[in-house]
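Both of the next two complexes hold chain A, though its partner changes from chain B to chain C.
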Partner chain A sequence: MSINIKNLTKRFGGFAAVDGIDLDIQSGELMALLGPSGSGKTTLLRMIGGLDFADEGTLLIEGEDATVSEPHARRVGFVFQHYALFRHMSVFENVAFGLRVSRRKPKISDADIRTRVMNLLELVQLAPLSGRYPNQLSGGQRQRVALARALATEPRVLLLDEPFGALDAKVRKELRRWLRDIHKGMGVTTVFVTHDQEEALELADRVAILNKGRIEQVGTPAEVYDNPASAFVCDFLGGGTRLDCVVADGAAVIAGARVPVVNQLPPPGPATAYIRAHDIDLAEAGEAGTLSATIRLIQPVGPQLRLDLNLDGKVVEAVLDRHATTTPLTPGQTVSLRLRRANVYAG
Partner chain B sequence: MSGASGFSLFKRRNRSIIPGFGLTLGITLTHLTLIVLIPLAALMIRPWDIGLSGFWHQVTEPRVLAALRLSFGAAFVAAAINAVFGLAVAWMLVRYDFWGKRVVDAIVDLPFALPTAVAGIALTALYAPNGWVGQFLDPLGIKVAYTPLGVVVALTFIGLPFVVRTVQPVLEELDTELEEAAACLGATRLETFIRVIFPVIFPALLTGFALALARAVGEYGSVIFIAGNMPMVSEIAPLLIVIKLEQFNYAGAASVGIAMLILSFIMLLVINLLQRWSRRWAGV
Partner chain C sequence: MSGHAPKSRVTLAEPGWVKALIMLAGLGFLGFFILLPLAAVFTEALRRGFGPYFEALVEPDALAAIKLTLLVAVIAVPVNVVFGVSAAWAIAKHKFPGKSLLLTLIDLPFSVSPVISGLVYVLLFGAHGLMGPFLREHGVQIVFAVPGLVLATMFITFPFVARELIPLMQAQGVDEEEAAITLGASGWQTFRRVTLPNIRWGLLYGVLLCNARAMGEFGAVSVVSGHIRGETNTMPLHVEILYNEYNFVAAFAVASLLAILALVTLVAKSLLEWRHGAELAATARRH
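And now, the complex of A and B:
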């Protein structure tokens, strides 16, 4: 179900946590709200869920005004960062909670509740643990119970607040894939909050990047990665090393070397260039358009070879393919670099 | 390892990184024996010179039965009142910010600090038929001072901090996300309280209730002033023990003491079992 947000604003004291945000979320979409802590992403999610209320602006869910309606009236499912499971209830009762409340009309028979809860537990692969208490589950299992509980009431919109934030890397990866599958299977409009750019880019259909209560950019993961609209977005999406440059003749000139610019070119003059670690190659010494740098540190990480380079006193990070790098490298050695592309922003 | 090898009381695989098991166990047993068990044992031995039938005779005396009934009945009612209002006080102190909150928070502890006799005299002065509060209750036919009702009032006064101070930390720990989750799932506020909040704080509430109850059963100082101490009507068991002692009826006093001890023990045991049952979800 589509969500339309117009000029939504929320202030805490004098501080605008969410500052005039416009955002349209399509029906069935998987949308990520990405930003650093304090960017207002969780506040925005809580306003969509009806846990916080906007000071200004409107919020439409499926075309109906939901700006001030109660959470249950919006028919949204909310998954909390720390699960918020009812610890005195079994897994089964946690999932059944939303089906047993008195507001649920018409009343569902116990047999129907049983089938529905067991189906959901089947879906999250926890059916054998239905009698356990939350204390007896691992973090990943608790998160799956929380998701099953949110899905039990058949919400129009599923909202997740940093759903994988408290889990270790392996479980996080599993759960990501699994959330994607569930989203595909059920087609429920889903919005999740994260501060992890990799998670947002990997999982979402579209990503909204927030900073200081405002939206910096909205787009598909490829769009925002390839063409960051601002220095902030570029920096947040792993922008790489920041270098001073001069924009001239349709390219960025960094320490005398011309580097192609991928984003909208700023007006000629001094600017800031961002070079991603993957966009740096080693070149033959003396080749045209290269820069000279010294190696500070070499760190093999799995298939990659990470280099910390000293370029005129600035630390530049480069990532090479470990198996394609045949020239022997040692710390202190001087090498030539070719910068393949840059994102450049005025100022 | 070599330094610890001489100490073989615990098998190696049972050894814990948490230090001091032997030490704390020793201190615990010594302390409990000296402070609790020996005095209680002396109490149990005392009425032996009148025999079991003598004990039974002492305890089933109508005046003793009436005193025990009043002591335990009033203590139970007072603890129940405190459970309800103590919960409300704790809720308010945890959930809301208001002017003078710290003062209210401090006032809760006053019954702990005040000499109980002072509390008793103050309550008597208030609730006597010509007192500040009593003068308004008297025309309505409600007599507080010198009646069992007065006993309940005094016991409620001294028991309040127990409930507030046991429930407060649990309420503070309660995550507001739980209530938000319940609201999202369509629960009303009442349902959220009954089904989500109350079960979590119930064990603590029981503890507070048990402490208030235990304290009230043994309370003496604040009660004897307001109770009026009429035999069969407003005479509490601890006072009866003192009266028997003053008459040099040591065996009789000890008999009443033992009866109170046994009743208290059964009561606390039941509350403990109930509490364990109410926390069955906490075990891993």
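And now, the complex of A and C:
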């Protein structure tokens, strides 16, 4: 179900945690709210869920004004960062809770509750553990219970607050894929909060990047990655190394070398360029348009070769394909670099 | 609490004789100030055998004192449970202006002498008190009657439940309540199905302590009681009267009931700490 947010604002004391946000989320979409801590992403999510209320602005769910409506009237499912499972209830009772307290008439029968809960537990592959208590489950299992619990009431919108934040890398990856599958299967409009850009880009249909209570950019993962609208977005999405440059003749000039610019070119004059680690190649010494740098550190990481380079006193990070790099490299060696592309912002 | 002390602790060990000396001092202190008086209560009570002991307990004034003590506790403890749970809930789960003031007020009975607490009620509701004339006109007697005893006991014991629950509820946070609300639970359903089950052992612990104090309170109750035998004497007051009359066997017989109450409370408290230590850990060390 679609969500339309207009000029939503929430203040805590004098501080605007969410500062006039406009955002439209399409029906069935999987939307990521991405930002550093304190950017207002969780507050925005809580306002959509009815756990916080806006000081200004409006919030429509499926076209109905939900700005001040009670959480139960919104029919949303909320998954909390630390799961918030009811510690004194079994897995079964946790998932059944929303059905037991339902105000719908007639009351849902016990048999129906059992069928529904067991179906959901099958879906999250936890049916054999229905009698366990939360403290007997692993982090990943708890998160799946939390998700099943949120889905039990057939919400119109599913909201997840840092759903994988407290899990280790392997479980995270599994759960991500699995959340994507569930979202595809059920088609429920889903909004999740994360500070992990990789997670947002990998999982979401669209990403909204927040900073200081405002939205910096909204777009598909490819759009925001390829064409970051601001220096902040570029930096936050793994912008790479920040270098001073001068914009002239339709390119960025860094230490005398011309580098093609991928984003909207700022007006001529001094600017800041971001070079991603993947956009740096080694070149033949003395080739035109190259820069000379010294290798500080070489780290082979899986298929990659990570280099820390010293470029006029600045540390530049480069990532090369380990198997495609045939020239032997040693720390202290001077090499030539070619910067393939840069994102450039004024100032 | 991990039960395994790290091995390196051994290097901190004192010489044997120091340990023995410290333990002896500790045990000696315990024996002298706690075990000896406890033993004395029972020896004195049973000095003339079981006959006089039980006679002293079933004598009408003693029975009246026991009944009155139970009555006071039966009113004061539930009232304080309701108050304590509400106050703890408000303080731990919500933000509101005056929160720290409320916290301070809850501690007030701990910091005020019980005699003063009792005196306040005399000054308020006594014959020459602020509301005395009004109460007399309407034929309501508070001081030197059961209502006064209940009020004074309630005042003295109201921190116990709240103080026990506040740290526990604060540690538990509001996540589960918020989860319940997003799942469609009403405020009452959230409280009954989520908040209350999470605090049940802490609550029971608080009730035990509250009850022990309610039955054993002397100072505040003494001021508002008027010491009318068979009418406004609770057990601790009855003990004092008997003692002042040199009726030692009866005095110690009634006192032994209070001692038994204390022992039962202690055992129940230890059981709770043992079985549900994790849930009480936030507060257990304070008592």
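In this text, the second predicted complex is superposed on the first by the 345 of 347 C-alpha atoms of A that agree within 3 Å, B and C clash if a C-alpha of one lies under 4 Å from a C-alpha of the other, contacts with A are read in each partner's own complex, and residues count from 1 in each chain.
Everything below uses one rule, namely that contacts are C-beta pairs under 8 Å (C-beta built on N, C-alpha and C of every residue); 3 or more make two chains touch, one makes a residue touch a chain.
Model, not experiment: these values are computed from the prediction.
Colleague: Once the two structures are overlaid on chain A, check if chain B and chain C clash or fit side by side.
Modeller: Because the two structures are overlaid on the shared chain, the partners are seen to clash.
Colleague: Which of the two, chain B or chain C, is in touch with more residues of chain A?
Modeller: Partner with more touched residues of chain A: B.
Colleague: With the two complexes superposed on chain A, say which partner A:49 touches: chain B (first), chain C (second), both, or neither.
Modeller: both
Colleague: Per the contact definition in the header, classify A:76: touching chain B only (first), chain C only (second), both, or neither.
Modeller: both
Colleague: Does the superposition put A:136 against chain B (first), chain C (second), both, or neither?
Modeller: So A:136 only meets chain B here.
Colleague: With both complexes overlaid on chain A, does A:97 touch chain B (first), chain C (second), both or neither?
Modeller: both
Colleague: Can A:153 be said to touch chain B (first), chain C (second), both, or neither?
Modeller: A:153: touches chain B and chain C.
Colleague: Report, in rising order, the residues of chain A that make contact with chain B in one complex and with chain C in the other.
Modeller: Comparing the two interfaces on chain A, one with chain B and one with chain C, the shared residues are 49-51, 71-72, 76-78, 80, 82, 84, 86-88, 97-98, 101-103, 149-150, 152-153.
Colleague: In their complex, what parts of chain A are in touch with chain C?
Modeller: 49-51, 71-72, 76-78, 80, 82, 84-88, 97-98, 101-103, 149-150, 152-153
Colleague: Flag every residue of chain A that touches chain B in the complex, lowest number first.
Modeller: For this pair, the touching residues of chain A are 49-51, 70-72, 76-78, 80, 82, 84, 86-90, 97-98, 101-104, 133, 135-136, 149-150, 152-153.
Colleague: Residue numbers of chain B touching chain A in their complex, please.
Modeller: 175, 177-178, 180-188, 191, 195-196, 199-200, 281-284
Colleague: Using the touch definition from the top, list the residues of chain C that touch chain A in their complex.
Modeller: Residues 175-176, 178-186, 189, 193-194, 197-198 of chain C touch chain A in their complex.
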